[in-house]
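Before I ask anything, here is the structure I am working with.
Residue numbering begins at 1 within each chain, and the chains themselves are lettered A, B, C, D and E in the order written.
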Amino acid sequence: MSVTVPMTATRSAVDAMLQVEGITHVYGQGATAHRAIENLSFTVGPREFVSIVGPSGAGKTTLLRILSGLLTPTEGTVSLVGEPVDGVPEGMAMVFQDYSRSLLPWLSIEKNVMFPLTRTEAGRDERRRIARESLEAVGLADRHDRYPWQLSGGMQQRVAIARALAYRPRLLLMDEPFASVDAQTRSDLEDLVLSLRDRYDMTILFVTHDIDESVYLADRVLVLSRPPAHLVEEIPVPIPHPRDQITTKETDEFVDLRGRVARLIRSGGQPDGGGSR
Amino acid sequence: MTTTEIRTTDAANPGPAAPGKGGLRGTARLSKRLAVDFGALVVLVALWQLATSAATTPFFPTPLEIVENFGKMFFTGPPEHLFLTDAATGDVFASLWRMLLGYAIGCAWGIIVGTLLGRSRAAREYTDPVVELLRSIPATASLPLFILVLGGGDFMRVAFIAWGVSWFVLINTASGVASIHATMLAMGRAFRVSRVRQLFGIILPAAMPKILAGMRIGLTAALILVVTSEFMVATNGIGFQLIQAQRRFQVLDMWTWMLLLAVLGYLLNTILEVTEGRLLAWHRKARD
Amino acid sequence: MTSDVQPVDAQRRLSRRPTPEGEGRGGRPTRTTRRSRLWRGVVGVLALGLVLEFVTRIGLVSPTFLPPFTTILGEAVDVVGRQDFQEAVLSTVVSWGAGLALSAAVAIPLGVVLGLSQVSYRATRAVLDLLRPIPPIALIPLVILVMGQGLEMKLVLVVFAALWPILFNTISGVHDVDVKAKEMARSFGFSRLAVIRRVVVPSAAPFIATGVRLSSSIALIVVITVELIAGGASGMGTFVAEARAVGNQTEVVYAGTLLIGVVGLVINLLMGAAERRFFGWHTTKDV
Amino acid sequence: GSSDDGATAQAEGPSNRDPQASELETFRVANYRQNGAVPQLAAEREGITEEYGISFEPQWIESSAAGMAALVGSEVDATFSSYTGVIDAARQGIGVRIVAELFREVPNSLTLETLPDSGIEDLADLEGKRVGVVALNTSHDQRINYAMLKEGLDPETVEYVELPFGEMGSSLERGVIDAAVVTGTSLRNVRETLSSRTVLDFGAGIFEEFPSGGWIMRSDFVDENPNAVAAFQCTMIKAQSLVMGNQELYDSVMQEELGFDQEALAITPMLNHPTELDADGIQIVADMMRELGAIDEEFDVESLVVPLPDNC
Amino acid sequence: MSVTVPMTATRSAVDAMLQVEGITHVYGQGATAHRAIENLSFTVGPREFVSIVGPSGAGKTTLLRILSGLLTPTEGTVSLVGEPVDGVPEGMAMVFQDYSRSLLPWLSIEKNVMFPLTRTEAGRDERRRIARESLEAVGLADRHDRYPWQLSGGMQQRVAIARALAYRPRLLLMDEPFASVDAQTRSDLEDLVLSLRDRYDMTILFVTHDIDESVYLADRVLVLSRPPAHLVEEIPVPIPHPRDQITTKETDEFVDLRGRVARLIRSGGQPDGGGSR
């Protein structure tokens, strides 16, 4: 609980925002023990956008839960701006994969979005304004008084995104946030997240199964292996910003990168699969 | 699988997967467990002993006196009766079987009707005020009616207990059944699972945590009700002996019967809890 | 299915849960639904009345000892007008309300703690499980000795009895809270206490409310029983006990018993309405 | 709670107490709402309480055991109780005192009734039968047992069960019980409605003038409020002698205060309200209990009695 | 409840398997009423694979719920092989969008898959065999004794798919079934569903947000408009079977078709958007 994400990223890029060292996680005990993550290490710089891809069940959600301080790893340490994480750090927000269960059914969607804002200094009106703004950004402003169960799956997912955005986190963890959203909305939301990253100096870790998306958004793509997850490769994405949904995806660089990621995933984390190109 | 990257940490670190089962550690753990489970109780009883031996009122015998009387009252019978006294066999067993039978019937009835009400709005609307009215009449006040209609025998007592118990199970069952998530129910219907299997495979398991919570409350109620039912037209039973001891100011006996009720309740509840632990293992683990 | 075409708020008020299947496909307009609910309730009560009238008239027992139901109803109307009865009602209701409020104030926080912490649950279990089965009525003489006066004595017994349903339903409701919802709140940096206040309690609230509803009946049962069998108390139970001891007031006994039920009914209906009003979400998340 | 032990000697002597200087203005008194309540009600109506500067706040009870519980818990200051209950309590170390006799049994007041077709003709037929009594281990079941014993029968074979007076009739009719000990309106009801027959009269034969019960107080109360006790005793004795000679007063209290109708009144005889406190007379209750094995040693009633003041 | 999907598609292709006529669905009433579907009509032939795409909140889930007989539409009729649907038809299976809530947490995943099979004549061993086979097909055979809450999101989704497949339905309704599954597994599952369609003569309605997927799988793509949903266009996909994840997607025909669908969706259901090509 003691670590605070700094409000402005004044440190040099050499300083790690997030440092993951030798993380291993084992679920359960004895015969049914399951080794989800194996000795995973990597570093994320301030304002960096890192995509995480890997096969289903690799341990991506487990990793995000560890980074957010919700789960203590069996082994290894996580540090935020140099200090070990031993609880949920201040200034962090998360979009959960199981979005429908992370919404509170007794609150309207506006109240759901306002929910974490009570922790900020904002007054009630200010909180409502911020919530409306976020709902507007995900295209749900006109539904603000509905309840989660009155929304479609994709809409619920967008509410969860709006809630995280409204919180203005310094560190944003997103677990397949656009899985249930249609292609057009998805493109819009991708660009929205990128622009908010710039506007609010956020550091973002983004789990996705969409390879195009992982490359389009990221400064770096982490490819995880089949379970127990370890790092297969880190692929930097040196495509300049701002990026464009159509033109960027047409560049050779992009096509090349997405090909590399795809092959790495297909090879299921065999290092040779990644190095063959 | 992908062994190439794995460092040889496995052997060095058994991790939480290999809990220590050594004799010493095992004993230590057991005694710690016992300390947690019964520590508070032991401390309270000790305080009670101190307080009652200091005071001189005839109404508060010491726990030791009560326990001693407990042994004398129930376990000084002839060897051929396993040392059980007539009080143990005549009163305690009589009450126990009335209670257990009434409880079983009440639970069954409560679950059946509760499920029905949880499922069907029409049923609920027809019965809501009646259910509320009937369960509003205090059991004790309705005892004379039970005697009137069903006579003064064990049949009446069993029915009376079942009646009282059923409301707790019924209300909790209805509430548990009504709060099952729609997608889960839709799944059963979409696969045309038979109604019987929808009931036993989806609805009851999903509502089980709340049904069992109702059954625990019902168990408490059953003990209270069997005692109450033995206040009238009874010739034996825990309630009968208790009220007689109370009337005749046999304070030590009264406390002894109360201790017996507490012990019975504890035992029965432990049985229920073990069953619950079995039935709801998934629930507990899924929530960890 | 019916719920699909009902306005949300009406649905919340009217029905704990939309009908799962089979009936009223396509739904009904709200006002009709509300009226039908009322109508069905009335039908149910009338049916019960008919059964009672029938039972009391088939000659099971002479009318001297069990008057016809309609006679009892008539007597009930008279009794309601009596000042001593009105005072009795007030006394009973005050004991009930205070006892229930106290029980909730003790049992809800305790239940939350025991529901969240395995250790505290295990540490207290033995004590609670030994105390719980002791019938409150068995405590009457003892409590009279210690407490002396009427209201406090009733309160102690009521709290002792009404604690358990709230406690167990709270524990069970707290156990049941979706981990994902708790994790969400924790991920936003809410303190343990805040998670409890903002997620655990609201999420368990409908079930706690059910516990309160059960306790409400228990509290009434105990108040009435204490009044029935303890000499000193005053209230509706005392009213009936006195009539019972006389021997020529059978109508009054049954009318009083019926009125106790009616008061209980009113209390229950109010509690149910409050439950639906405040915890309607619980039941409307169904499709 | 009270701490005095029932065996110690009596409270203050009669003459040291001033009934005109009661420490207490209002007495909470517990009693059956039956004909036994007439003196208490008449005392207020005829201004006797006023004479001693006191008043009564009645509490109606269902059995004398409830009255004793209320008394011991300081819920009431005085209660009516059968002497059996008092002796039971005193033997358990509860400090209680008898301050006045309330009534002795008269014929046709308290009887054991049975239905015409029950096959019970006399006490001998009671063996193996169920008998309803308002409270167990009181003079009701004990008097039946005693009567059977005197006739050489085995009282052990009778099954006694508890029921309120008001529910005796229906229970007889439904066969829940075979015979019932009833009084007042419940007696009238079973006689009229069910044409019941009397098996035993609790105020006739060997039970003529049987001391049924009296006014009981806690011994600590008696010690602390000697004048109040005197005032209470004087009031009750005066009221009882007033009622005894005045059928008209009796009838009107019964009708107006207790709600008895003409018919009920007709079959409810006036009780015998003593104006003395006769420990020797009451002693026969203790002796009966001893003989029945209800108590395991001799009990001296004298030790419980607070003598009446001589300066009323 | 009375309609049965025939076990073999003996009727001519002219006979509609599923006929949807003038369906309108309104949620709620009065001020908060929400018109989800507006006068929607279409027909699906036997053994046809129809993809349904449309913006988030269009009413796709609502539509599937109506087709499955779980929800009665405010207006319009649904017929299965000529008979009106007034309950859940025999021989139909559904993969729910809300997959995590459709699994029974007290059953192991194998038992979850076996759960609906008791309706068939298969004995216990046979049911277990079928369940194992289906779990094998979705790559979860080695986890058969785990419980749903011990699985990752994507794995839970695959269990739900396995359950539907094990049921061997004649009509299979799938609501974004691969949303949480990684790209590789997704490709595999796509091909699996296609092959099972052939093997078991299934008719499949498939809701997805992935345009490539909608075209790759389908014989016809239905594009729904923004809410209230109506049919923007039906696009037949005349690409021959068997299809291949790589070569099929490289054909001009495929690229052309996916472009059409994409533009239709982007235009949000304005008919001109669809016709402009």
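As a convention for this text, a residue touches a chain if its C-beta (ideal position, glycine included) is under 8 Å from a C-beta of that chain, and two chains touch if they have at least 3 such contacts.
Here the structure is a predicted model, which means the values were calculated and not measured.
Chains touching chain C and chain D alike, please list them.
The common neighbours are B.
What pair of chains is linked by the most C-beta contacts?
Top of the contact-pair ranking: B-C.
Looking at CA centres, what chain is most distant from chain E?
Of all chains, D has its centre farthest from that of chain E.
Taking each chain's centre as the mean of its CA atoms, how far is chain B from chain D in angstrom?
42
For chain C and chain E, let me know how many angstrom lie between their CA-based centres, rounded off.
Computed from C-alpha means, the inter-chain centre distance equals 47 Å.
What is the distance, in whole Å, between the centres of chain A and chain D, each centre taken as the mean of its C-alpha atoms?
84
Indicate the residues of chain D shared as contacts by at least two other chains.
Counting only residues that touch two or more other chains, chain D contributes 1, 69, 72, 164, 167, 170, 174.
Give me the residue numbers in chain E that touch at least two other chains, ranges are fine.
Answer for chain E, listing residues that touch two or more other chains: 27-28, 65, 98, 101.
What are the residues of chain C that contact at least two other chains?
Only 8, 60-61, 65-66, 140-141, 145, 228-229, 244, 253, 282, 285-287 qualify.
If we count contacts the way the header does, which residues on chain E are in touch with chain B in the complex?
Against chain B, chain E makes touches at 65, 68, 70, 88, 90, 92-94, 96, 98, 101-102, 104-106, 115-116, 118-119, 147, 149, 163, 167.
Could you list, by residue number, the parts of chain B that touch chain C in their complex?
Those residues of chain B that touch chain C are 36-41, 44, 59, 118-122, 124-130, 132-142, 144-145, 148-149, 167-168, 171-172, 174-175, 178-179, 181-183, 185-186, 189, 209-210, 212-213, 216-217, 219-221, 223-224, 227-228, 231, 239, 242, 246, 254, 257-258, 261-266, 268-270, 283-284, 286-288.
Which part of chain C faces chain A closely enough to touch in the complex?
8, 178, 180-181, 183-190, 194, 198-199, 202-203, 205, 279, 281-282, 284-287
Within the complex, which stretch of chain D touches chain C?
1, 30, 32-34, 59-63, 66-67, 69-76, 79, 164-170, 173-174, 182-189, 192-194, 259-261, 264
Chain D touches which residues of chain B in the complex?
Touching chain D: residues 56-59, 144, 147-148, 151-152, 231-235, 244, 246-251 of chain B.
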